[in-house]
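First chain A sits with chain B, and in the next complex the same chain sits with chain C.
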Partner chain A sequence: MSERVSALRNRETGGSVQVRDAGLRGMITLRGDLSNGKLASVVKSVTGLKLPACNGVVQDGDTGIAWMSPDELLVMVAYDDVPEALDKIAKALSGQHHLAVNVSDARSVMLLQGSFVREVVAKLAPVDLHPDVWQPGQIIRSRLGQVAAAFWLVDEATVQVICFRSVADYAFDLLAASAKAGPVGHFARGT
Partner chain B sequence: MLILNCPYCGRDVDETDLHAGGEAHLKRFGPGSSDDEFEHYLFMRENPKGVHFERWRHVYGCGKWFLAARNTATLQVYGTYSAQTTEPPQHILDAIKEAQA
Partner chain C sequence: MRLTNHGRLIAKNRPVHFTFNGKRMRGYRGDTLASALLANDQILLGRSFKYHRPRGLVASGAEEPNALVELGRGDRQEPNHRVTQVELIDGLVARSQNHWPSLEFDVGVINSKLSRFLPAGFYYKTFIQPRAFWKHVYEPIIRKSAGLGAAPETADDHSYEHFNITVDVLVIGGGISGLAATLAAARAGARVLLVEQTAAWGGRATVDQPRIDGQDAQDWIDDTLAALATMPNVTLRNRTQGAGVYDHGYALCNEQLTDHLTQSDGPRQRLWRVRAGQIITATGAIERPLSFAYNDVPGVLMASALRDYVVNYGVAVGERTVLVTNNDDAYRTAIALVDAGLSVPAVLDARAVAGGELVERARARGIRVETGKAIAAVQGGKRVTGVRVCDQVGDGTVTEEIACDCVAMSGGWSPVVHLWSHCGGKLIWDDTQAMFRPDPNRPPLGADGAGFVRAAGTANGHLYTAESVADGFAAGKQAARALGFDKKVGAVPQGDCAVEDPMEPVWLMPANASYDKRAKMWLDYQNDVKVTDVQLAAQEGFESVEHAKRYTTLGMATDQGKLSNINGLATLAASLDKAIPEVGTTTFRPPYTPLPLAAITGVARDHLFQPVRKTPIYDWHDDNGADFEPVGQWRRPYAYPRGSETVHDAVMREVTNTRENVGLLDASTLGKLIVKGPDAGKFLDMMYTNMMSNLAVGKCRYGLMCSENGFLIDDGVVARIDDDTWLCHTTTGGADRIHAHMEDWLQCEWWDWQVYVANVTEQYAQFAVVGPKARRLLQTIGGMTLTKDALPFMQWTEGRLGDFDARVFRISFSGELSYEVAVPASQGPAFWDALLAAGEPLGVMPYGTEALHIMRAEKGFIMIGDETDGTVIPQDLNLHWAISKKKTDFLGKRGQLRDHMQDPGRWKLVGLETLDGSVLADGAYAPEDGANANGQRRVQGRVTSTYHSPTLGRGIAMGLVRNGPNRMGEVITFTKEGGGTQDARIVDPVFYDKDGEKQNV
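Presenting the complex of A and B:
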């Protein structure tokens, strides 16, 4: 079997905000009617977590569920558990309109850790990331520089970023440069 | 800079995260319609100086199409609403009326 590697191959930077590759993660794009009870229960059986509300993320280590749009979830499981999870979903939702795809190798996950992570992201994305608006557990889909990305706060000092694998190097370099440039002190608290 | 509230995910979204989709509330004229109707549907667009109804797509976010009422002269946004409507809803019309009073 071919060697499975993440796009960033465990790259990481030092500094007061550290940017690092989160490694391989199993990711399933699941589209369908999110109000369908069967969908919620199969996602719970796969992840052990309840469906997040609009714009929400629930996470337990590398396992999690992210709300991507009114009819789309990103289900995160361990990399090797994806085929089994897909089987479960296909069985539970057979005959119902849905789509479940393994996108583990089409995405890249990065982890930002440090005191001013909020600003590192805020410098790159055209969205309001003020603490009044963006709190842990809320996912934002927008851009980082020129590429699409989704990011959420795990806690005040940790951000997870997901982007397309093909632009992982660009996104990593961008975040690393933003972190290296230091804090701006724009947000009154949470910086 | 234009900021619209996406009615599907509820976020205030910057113009650069959106894709403009042109005039809203077009009625499709396909096979069986007259040449005039078809031409009008295909090519003729409003270009008002003032209140305009537009389609927008939250392309970098939730990916949904929605409609927005805004003023092309003042850039005031009267509101955004679901794309599953054939005409502007009452609360949007009220907002426009109020702004023009």
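Presenting the complex of A and C:
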């Protein structure tokens, strides 16, 4: 097996909000009729999870499902499990219009962890991140600075960020600069 | 001078040291730079722009036009700070601006003596002739004398950041009406952000101390702030200026974070990018100057500003202050001065009668009140020494002289309507109060057609406490209700203050002042615009207020006319015999006060200025001396110079080595779109000019894409992956654009077709292995059979190539035996290393984009963006073979049938060969005899690509030439860089291996 590297090659920062490379993650773009029972059941069989609602994300360890659009999911599995998951999906949905492709290497995944993660993101993304609006379980597709990104709260102190691979360094540096500049003190008490 | 027992904001036990023009001075914590300078009796603070007249403080806030200084040194130097907005810190370094050689003695003051020769419009009149003088004489001189402060010479080493926030209600202004608005909106249940530009809350009420809800204003303010602080739905930010209001409830607020601190890390400023459901502008009002002769002498200032200095900071401008007013409010200043132990020899009230509560209070303190009086002229040069008094009605016959060292003036108040107006809020003229105020019936409109900005309090024209605080509360409540928040808001705060008599507008003092007097009445202090200048503009036909502004420069200084505009347009109205509302105002544009560009830039500077897209082996390129070129946001290696090699030589070497041995190209940036579904073939037949539905699985086909108008927009190789899946390669720049183009058609036009598209561009590292030894290289790595028969030209296969999951395309953009191999991006660096290692005995070398370009040009292959520019159709490029005649339709088909597209005289692609072997200039035109309808020289073609071909040892080029393909062998002339011409022969564009034998081995 040849050497495989993530775009960020395990980069990480220190500080009270830490930014780090989440390494290689398995990701499948699945487009299809999300109301179709076969689709839900095959996604459940590869992730062990139920389909999230609109703008939702569910996660359990290595696996997860993110709602990306009315006809698109991001199915997350362990990096090495992608070919098998794709086979399962192809079999289950054969004869039914859908598209499932491996995008694990087209993306970079980062984790932000610390006391003011919301504000680190809010400095860069033009969206409402108020705790009344954004809670764990909700995925936001927006931008960070000048690049597209999707992100969600894993818990109150952890944000998972996905961006395109080619701009991983930019997004990482941007998040690191945002974290280093410190809290804004806007979102209440440690959020 | 500093007063004892005064100054509610300063801490007299905390002395602070600073320098002004190198002179060491002392102030207190809590001072602004303005108050500290006054405390040190520094009345002269700057020079005006045009006449270099001595300038002192006029105001106490953001509206200050005169007292601009440069702060800091080196990489922290910043010009044009208003001293009124600078909080004093230890070690602060300030320098005055716009004078030479010194503030005290400035030779530029000679301009003032020449003022008769520097009238309004001087520049327009003088510098228009002779034309040639502008560039070489006038402009350099004007540039030297232009601008107030000096631009910093080094980069700013502070950091800045943005913060995005969404709120229901944004309240701009932390005075009593803003506080009341916040309270009401927050109680109703809305999420509220309240911003205040100064460090202190409460606005003017903290100085004037009316009563609210039976309390002193200060107590009410403190209680309200305490109540708001406990509400989780409220955010309060002081030192944060509402800078601009834009469409869709978007607003910018700039927070000062560190300028008031001696030591700090973290960002200097934070730009809040606010998306608000409703915006309330509670921005207060600005007092107006009066136009009397020599109203610009240092020591003349606004009455309210003087009151602020006395009450807030315990400083005064002089011992003896003459007040001149047209309203009751200014009497508060007289009272404050007398209460502070200073002398007020007289209040000159332009009104015939003055009998309000404040006037009586002043009289009761023994202050001499003279009604119907005016200032005929201020005496003094660098400082006031006295005033000449006259009647307001009449021409200014002096009745008395009063010695004084300070003049406090008040011409009434103008609501700060800037933020209301930024996004289209309209104004009405209030005749009683002689002011423009927001017209509640014509607010800025949101996407739903409803107003999204409300003005409140003084900014809404309510100058008295009771109305102002109630108006603020009502605005907060209405804003919340408009957004559906319906909790109870409680009782309206009840304000109480002195009852005032109406003001009386005074636009000229005295009413029939002579020309000589009017020529010394300053409207715009910073830009030296006087009453006579505006009158001259009107006389010379600049009747529109916008024209008069530009002709005279009124309101064009860094203060944007906060003090001068109303007086200027009243003067213009009088000159035109029009009513003030008929003349109207100039346009209010954001930001309210200048923002540093760095604040707008935020974090987007240096390496974060723009995202750089990197391929999986970017680091290898960087480590191996790649000379990068930008391709969109990608950085691609242009060439890899070795040792002392020039870039040109490197390119030549790379081409030759690829043609003779084997070369490697990082082609990862090429777009890769997966198109899948039962209708995918039908869809691609519409997208491409040629057929894609009949492409066999395992095969590749070159395709062209056109816009609806028929113009060529992209090209690339399409591979059929399986029955209902195609992989479309796009150009590097086309990946995102063509993906969006496909989604647009699928979502908006053919929504019922069963097709999905996914952009997998970045999933793969894709490398071109090119040259006669390409196959040997891949066979060395091993694992896949890639012989001519196993993988013929224009086919693809997949499998394990060595240790790698590979998809191999047998395609060629160079004319050589060529494979493009795609592996998962994470395997890219290892695969590239494997290719280099396996290729070493074969003489492998990486090549960059320029070698790629030369090789494709040698083969006559077109490049999107070189041979196309948005006006070129495939037929122009002799690509008829790639346009299906069988298909009933494809995007661009109809466009290509239009007359102009069918014109036999269109410029068409040909090869061009210089007669002497030299290289044609890029983009050169081929002129011909005669002129077109516009009198321009006629042209018959242009160069689209031009290179030195190392393979052929001479210059080669492609170009578009009128009727070109029918003119083979003809010699035409092209322009040359730097003049002259160059002859070139029209030839076949395929310069190399016309039969394609090399790529087919």
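Here is the rule we use: the second predicted complex is superposed on the first by the 188 of 191 C-alpha atoms of A that agree within 3 Å, B and C clash if a C-alpha of one lies under 4 Å from a C-alpha of the other, contacts with A are read in each partner's own complex, and residues count from 1 in each chain.
Here, a contact is a pair of C-beta atoms (placed from the backbone, for glycine too) under 8 Å apart; a residue touches a chain by one contact, two chains touch by 3 or more.
Because the structure is a prediction, the values reported are computed rather than measured.
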Partner chain(s) touched by A:H130 [first = chain B, second = chain C, both, neither]: second
Touching partner for A:A7 - first (chain B), second (chain C), both, neither: second
First, second, both or neither for A:S166, with chain B first and chain C second: second
First (chain B), second (chain C), both or neither touched by A:S69: first
Partner chain(s) touched by A:A90 [first = chain B, second = chain C, both, neither]: neither
Touched partner set for A:A53, first chain B, second chain C, both or neither: neither
Superposition-derived comparison: chain B or chain C, residues of chain A touched: C
Common interface residues of chain A - those touching chain B in one complex and chain C in the other: 126-128
In the complex with chain B, residue positions of chain A that touch it: 54-55, 68-70, 72, 126-128, 140-143, 148
Chain A contact footprint on chain B (complex, rising order): 8-14, 16-17, 60-64
In the complex with chain A, residue positions of chain C that touch it: 159, 161-166, 191, 232, 235, 266-267, 270, 273, 275, 603-604, 607-608, 610-616, 633-634, 674, 676-678, 754, 756-758, 760-764, 802-804, 824-827, 829-831, 834
In the complex with chain C, residue positions of chain A that touch it: 1-7, 24, 29, 31-32, 71, 97-99, 101-107, 119, 122-130, 132-133, 145-147, 164-171, 173-174, 177-178, 181-182, 184, 186, 188
